[in-house]
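Please read the structure below before turning to the comments.
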Amino acid sequence: MTNPFFKNHGPINIVEIIRLLNINFDKKIENQNVDDVKDLYSASDKDITFFHSKKYKHLANKTKASYCITTNSLRDELPINCIALIVENVLISTSIITAKFYPDSVEDNFDQTVIDINQSDFKNKVKFGKNILIGKNVSIGSNCLIGHNTIIEKNVYIGDNCSIGSNTIIRNSIIGNNVKILDKCIVGKHGFGFFPDPNKNLRYPHVGIVKIEDNCEIGCGSTIDRGSMSNTVIGKNTFLDNQIHIAHNVKIGENTIIAGQVGIAGSSTLGKNVKIGGQAGISGHLKIGDNVEIAGGSGVIKDIPDNSKVMGYPAKNIRQFLKENK
Amino acid sequence: MTNPFFKNHGPINIVEIIRLLNINFDKKIENQNVDDVKDLYSASDKDITFFHSKKYKHLANKTKASYCITTNSLRDELPINCIALIVENVLISTSIITAKFYPDSVEDNFDQTVIDINQSDFKNKVKFGKNILIGKNVSIGSNCLIGHNTIIEKNVYIGDNCSIGSNTIIRNSIIGNNVKILDKCIVGKHGFGFFPDPNKNLRYPHVGIVKIEDNCEIGCGSTIDRGSMSNTVIGKNTFLDNQIHIAHNVKIGENTIIAGQVGIAGSSTLGKNVKIGGQAGISGHLKIGDNVEIAGGSGVIKDIPDNSKVMGYPAKNIRQFLKENK
Amino acid sequence: MTNPFFKNHGPINIVEIIRLLNINFDKKIENQNVDDVKDLYSASDKDITFFHSKKYKHLANKTKASYCITTNSLRDELPINCIALIVENVLISTSIITAKFYPDSVEDNFDQTVIDINQSDFKNKVKFGKNILIGKNVSIGSNCLIGHNTIIEKNVYIGDNCSIGSNTIIRNSIIGNNVKILDKCIVGKHGFGFFPDPNKNLRYPHVGIVKIEDNCEIGCGSTIDRGSMSNTVIGKNTFLDNQIHIAHNVKIGENTIIAGQVGIAGSSTLGKNVKIGGQAGISGHLKIGDNVEIAGGSGVIKDIPDNSKVMGYPAKNIRQFLKENK
């Protein structure tokens, strides 16, 4: 997990973690501090990790974590140095622990730290409009413009030569050089991630950020959610048209062009030089290759290999689609 | 018609109503006041009602209204105590009369009653950002947050523990407890309802409101229109993602999950525990059952029974769709 | 090219133009001023024009321009009074020259000319909300309303009896009488037009404007981009619902009705009395006839003749579509 912006409220004692997970733990447990919650691969012996699917068996076998939230059926995959904490639902339990380490990553209420830009250090550095608010932990490069009524909430780094439009809201984002974010965008808010519960759905933490690389342009009225466990990334020189929605954890390669009203669901990855026509949709957790062209209005529900041109719903080879739909 | 927020400018004398309808009325008419315009079922003998389709014959037979706007071919279904006012287009005529009783329900120009929250009673009760405007007849419960540049226009009741984002506009709405409405939403404006006319389309009144029940979440950039003759309702613990459009009179059941960029056209009703994937669209006046799952990108153009899973355009059984579209 | 709002920074000397195009020009060239860049048909002998496709041969044959940006294979179509400037990519070269004549038409950074409406001449003429900004070269007719936080940026003419909502941004637009533009719209920003380049995409100028004719209504959260080489036009008494995107150069006829979340790609033309259901999409450069009905969710990828009803993706005759998709 990369969390340049979310303060780790750890270490947390393992006894407290076990209490939060509401599990019976028969073995005698040492009164040990846990530094962080990390994935199977990144965790050190000071950390707790989680393991919820056989798909990650090869990582589980080698994890260095001292503790792992998992299920009874998966526990045997863990090395002996890693103590299994058996729960019913690994993701809900991990969410509870992550929220304890990173309490600021769960909710996105309005940023109460903001001040008027005229009272900030940016007053003499940035060219700005009326009624602009700046949060804590914001940096802005040279030669930048910020439009009217825009709110740069906490945890935003902006490079040089950027132009932010009016009525836009940004938080928890790293923005490169020569980037344009047009009017009325919302960048860096948490994604649509929660565990359904008939009484009150349980939001899970979003400790990822949004990264927008150099030379990008984001069209009016677009929303780009930050990642939950990884980052949302818009690659170099990628251009987005108006009213686009990019969900959490999506990664878009460089030199990609996306037309208006496109939506990309959570955790999908796009290669470079991709072209997407207006109103197309891409389901979650897919891999779209390099140089792929997706016709406007298409609905992509499976991976698309490099250099393909697809169309339709479900999106298929464009020549086949047009032949079938004369 | 439920109109907690729209002031009834009645009673209106029946002679004035006949004049407004521009009809020839041969019978001698008593100089009587009419209190309200209501549907066939709710109207009392102080009210005027309307009857435009045989579908409602069973209600017309028993209406208690003293007057009814209807057509020549339908008049014989009315009881003898109800005087028929014969017009060419029942809905247009009803719209004209409704607009007379509820003139504030037709247009949604900007709310001129608003004041800065710092000059309101909420100053010490609500945690709020910069540049917030509050209209007349607003109530806000305890422990609420209101983000920057947000406008709570007239006629809004907000429960306890609610978080309203920044740049959001709300009017004519009742919002329960523990509700989150994220940034840049527009809630409670009139719907897309009018009678086409080659010179100037005629807007019809929207006397309904928006009700958002407890524990709901409304994503960034969403629009929820208020109802015309009934309310628009978002059921308890229902979560909406970003850039969703909910049209007038739509009713959504509890525990429903709707992904980004979905659109639901006017007067459709959704059951509880419904799941809708991104960019799906639902036509108007449909009934979607409980526990229905609608795949992302689908276009629903007919009723969907309980417990169905559908996909495609037009949406059909998901297994059939996937089989036909390998 | 119609450019009531973009200041022509010409004349520009032809020697400078040749230098900007970075071309070798063997012939001796006179030190002549060029007044403007115009299309083949409109150009006078004081202007430069461009010719990039055989499609326009009949216009090229008769152009009065003294200079024409074109390719080697097309040059012979020009009359002898017109000097060919041979380039590799006509559109990129024309874009560079257009940007030189109209430098303000390329980027839409926030308008630094705006002042608070209370400091403007409109203070006593318009009924307005809080926090409203007005740019240079704005005119507003009688009996108009402007909602809170709205920005009327430079180069906007608004007729009589118009109602502009809150949080809306308008620039480079001519708006007729009795027009309503609801909350949170963005009207008149440049379109999604650029020449892809692996290092940094090259934006081309947008010297067109947005024209919204009398009696129109534009729904909440809609975006209407101005034209590049021609105007974007919304015809008389046309109503748009919420969250609609109208791209650059689109022309929509009168009495047209467009439901929520529809998107119309660049340079398409719609007739009058067109009806479009929610979420439908229309590809670029198409011609949709008069009285056409397009079902919600449809994807239109070819021209549609007058009086047709279409549905599906690709959109086809509605009866055929419904028969094929029982």
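Labels A, B and C are assigned to the chains in the order they are written; within every chain, residues are numbered from 1.
In this text, a contact is a pair of C-beta atoms (placed from the backbone, for glycine too) under 8 Å apart; a residue touches a chain by one contact, two chains touch by 3 or more.
Just so it is clear, the model here is predicted, and its values are computed rather than measured.
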Revision key, fill the gap. Neighbours of subunit B that also touch subunit A are C
Exercise for review: Between subunit B and subunit C, two touching copies, which fits better, same or different residues at the interface, with half of the numbers shared as the threshold?
Suggested key: different
Exercise for review: Return the distance between the CA-based centres of subunit B and subunit C, expressed in whole Å.
Suggested key: 35
Review point. Residues of subunit A touching 2+ other chains?
Key: 131, 149, 167, 184, 221, 243, 261, 279, 313
Practice item. In the complex, go through subunit B and note every residue touching subunit A. Key: 127, 129-131, 145-149, 163, 165-167, 178, 182-184, 215, 217, 219-221, 237, 239, 241-243, 255, 257, 259-261, 277-279, 296-297, 312-313, 325
**Study point:** Parts of subunit C lying in touch with subunit A, wherever the complex brings them together
**Key:** 107-112, 114, 116, 131, 133, 149, 151, 167, 169, 184, 186, 189, 192, 194, 196-201, 221, 223, 225, 243, 245, 247, 261, 263, 265, 279, 281, 283, 299, 301, 313-314
